[in-house]
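Note that the chains are named A, B and C in the order they appear, and that numbering of residues resets to 1 at the start of each chain.
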Amino acid sequence: MTTDFLVVDELSKSFGGVKALDRVGFSVAQGEVLGIIGLNGSGKTTLVNVITGFIRPDSGHVWLRGKEITGLAPEKIAGLGIARTFQTVRPFHHLPAFKNLIVPLYSSRIRSAAGGGRWGDRDAVALDLLEEVGFERDSSVPYKPAAALPHGYLRRLELARCLALRPEVIITDELFSGLSSSEVSSLMPLMEKLRERGITLVMVEHRLRELFRLARRVIVMEQGRKIAEGPPQAIVADNAVRETYLGAEL
Amino acid sequence: MLRSIFIYGLINSIILALTAVGFSLTYGISRVANFAYGALYVLAGFAAWVLLHRLALNYYLALFLAVVFVALVGAALYRFALIRVRGMPISEIIVTFALGTALVELLRFFGLFGSAYGLPPLRRATLQLLGVPVDFQRVALVVIGAVLILALWLFTHYTKIGLAFRAIAQDEQAAMMVGIDPDHMATLSLALGSALAAVAAVVVLPLGYIAAESGSNILVFAIAVCILGGLESPAGVIVASLLIGYAQILSVAYFGPHYQMIVALLAILVTLVFRPSGLFGKQKELEERV
Amino acid sequence: MAKRRERIDRPIRVLTEDIYALESLSRMIYVAAPSVFPVLFLLLLPLFTPSLYMQRVLILTAVYALLALSWDFIAVATGLVSLGQALFFGVGAYLAAILNLHFGLPPMVTLLVSTFAGAAIATALVAPCLPLRGVYFAMTTLVYPLLLARTIEATAVLGGTDGLVGIASFPNVWVERYLVLAFVLGATFALRRLLRTDFGLVMRSISDNDQAVRASAINITVYKLVAIYLASALGCFAGAYFTHLYMFVGLSAFSLDLSILPIACAVVGGMGTLVGPVIGAFVLVPLAEMVRDLGTLRVVFYSLLLVALVLFKPEGLMSFLERKYRQIERWVQV
């Protein structure tokens, strides 16, 4: 287990004078689950966007396996095996759920992995993937238009879209938000399964209880800076963190 | 030569700023790109002409009523049409563009082309500025343009409606929570933007004649200034107007009159390709554009 | 007694979408009719339009159908609104004229070259604007035809405001008539087929949510370029064809009419359906021609119609027809 699988170094980004990211750095080992917490507006989503190439940082670097990926286009970074979910789920709503997965399956990453050319039956692969994330295979759900799916399924669909890329890293942006407790707890086994499979997970999350069950290490952000880092127990015990963030909840 | 380029460049820049400021304002507040903007400009000129020559009203009254009329048309454009397709950019573009085209072609059908229609200037006189002869209307126009832009700045920074405008431009959700009705604001923003187009029309048109063709030219000029300056940036409008204004006058002086439009069109393309946020655009806009 | 209208899918639809129940002739006809009859109709139409005027209207309709199809394809495949279909038309039109006048190529060759090379030129022009969204893309496409027209006007190249004359015409009227109709049919079916492939599915997804497509390791610029290239090829063909038809090309090849009427056709027929815009052209263009005597008033007429449709009936003719054909409607008592 190498600790420098995904390395983020001194990332900074400001929007019109407001520092969304202020020299944030951390590293993730392969197969690790890293949690990132912080209040709204603390720069978590910006961090995700910078790592995945959707926003160019003002300064700083991101490395994957020792190769610099800073400033690459999002599709390039996804092609290197870093998949991500979005905070607001917007599926390809005119398509049936399983057809949503054709998009990542059609990427050159997957097509070349399968030996190029016309490869297998994408629809079948898509249905398998949906089953993996908890769509009932023999029901009509995978065939429903994505626009008609309930929120819980849309989150699963997001994960399936990531999995379709056969990713090495999945970065989730508030995956559990907007879900009921029972929906969250039904997602937990899936997340644990991904961890077992050795996929590196970086989870930006508000639901601390569930996050702390998954992540061995947590980063706390405040106003664009990393203010604490450590195992969940240490984070909970950290006075500065309690003051700014956890206060009422624990 | 140099002095006249300086003077006429300044005048041209102010004309551009005047014609663009309404488009920029409407977009900045309500995110509606009003492709009927040029048509409203022509309509204002025509309305003023009717009031002056057919109804024989007092000069200032006629101009004032023309501006009010066009403001109402702008408000109606939102209330009766745009409100139904709010948030659907394709439909917003089609509706404003098609309505603008319909309006211009309707006026053209009623004979509004060529040099038959003109508005009289405020006063027929010629002044000497730095030894360059300049007619009174152009001087008045510079003063009116400067005053108007200053007034707009004061309005958006110090009056209640103006502040509400800025609030809604920055964060629609938050503005709604403090009781600002976005539809109401959008109606006002279209009315105000249209009124500004009308003011530009009644002070600029006496320099030439009222023609339906100028509708698309005005729209292109307004877009050029707004894109180069960065949409919804007041400072951007002024700087972009100066840049394009002088570039146009130089091109006219050294190449020929046709190049005025080409300069504006190139300004749009070059800006969008090389710096999509414009000179003064903010990051938020950039994300929207790119 | 309250009544409501009930809509039920016709039984054949329930069987399956892909494997049709072909056990009876009537069902086969039912399945095949929507594609076979319009094709037959279009192919027979030139035989039953005797007057030269009618032929010209038919050809004009086909030309606008191509532009409308091209507009709709851009909208479906990239989610962008083009206000400058005249750009594609104009590039094709001038290119054909140059190839014919300066290089002496025969019409059929210029048509081929103008379509493919013209599309490459138009795509290269539009390419820098592809990262732009919505309003900004619309603004740039509005600018292009104007810019080209004004440049020709100012520099007096390519005949300036007089245009270019003396361009060769088609070898005979049958080639002239059937060429454009065949192209309309071929393009419509080919693009529809393309959108149903996985490649086309990715294209359609870009207009839904381009961020998610990029996060799926797909370079959306490539897809947009392909979409613009195909769309501009249709427009360039229309322009080149028109040049040879009238043996003339002028600044009117960049006129606003060519940009706005196709949008109207697409809206009338149903945006996003590809076939809809073609149907829309066959409804709207003859109507617009009938009122040609009204001069510019006909532009007013179809602009207002366009606004009314966008505001009140955005679904378009196509989905209306489809519903009538596929579903049984009846009034039931509640």
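In the analysis below, contacts are C-beta pairs under 8 Å (C-beta built on N, C-alpha and C of every residue); 3 or more make two chains touch, one makes a residue touch a chain.
These numbers were taken from a predicted model, which means no experiment stands behind them.
A.B. asks: Would you indicate which pair of chains has the most C-beta pairs in contact?
C.D. replies: Answer by contact count: the chains B-C.
A.B. asks: Which chain lies at the heart of the structure, taking centres as C-alpha averages?
C.D. replies: C
A.B. asks: Where the CA atoms of chain A average out and where those of chain B average out, how many Å apart are those spots?
C.D. replies: 46
A.B. asks: Please work out the Cα centroid separation of chain A and chain C, and write it as a whole number of Å.
C.D. replies: Result: the chain centres lie 41 Å from each other.
A.B. asks: Just how far, in Å, is the C-alpha centre of chain C from the one of chain B?
C.D. replies: Result: the chain centres lie 33 Å from each other.
A.B. asks: What does chain C use to touch chain B in their complex?
C.D. replies: 75, 81, 83, 128-129, 131-136, 138-140, 142-144, 146-147, 150-151, 153-154, 256, 260, 263-264, 267, 271, 294-297, 299-300, 303-304, 306-307, 310-312, 314
A.B. asks: Which residues of chain B touch chain C in their complex?
C.D. replies: 33, 35, 81, 84-85, 89-91, 93-95, 97-99, 101-102, 105-106, 108-109, 216, 220, 223, 227, 255-256, 258-259, 261-262, 265-266, 268-269, 272-273, 276, 288-290
A.B. asks: Please output the residues of chain C touching chain A within their complex, sorted ascending.
C.D. replies: The contact residues of chain C facing chain A are 198-199, 201-202, 204-205, 208-209, 211-220.
A.B. asks: Hey, which residues of chain A end up touching chain C in the complex?
C.D. replies: The touching residues are 52, 54, 73-75, 78-79, 83-84, 86, 90-95, 99-100, 102-110, 122, 161, 164-165.
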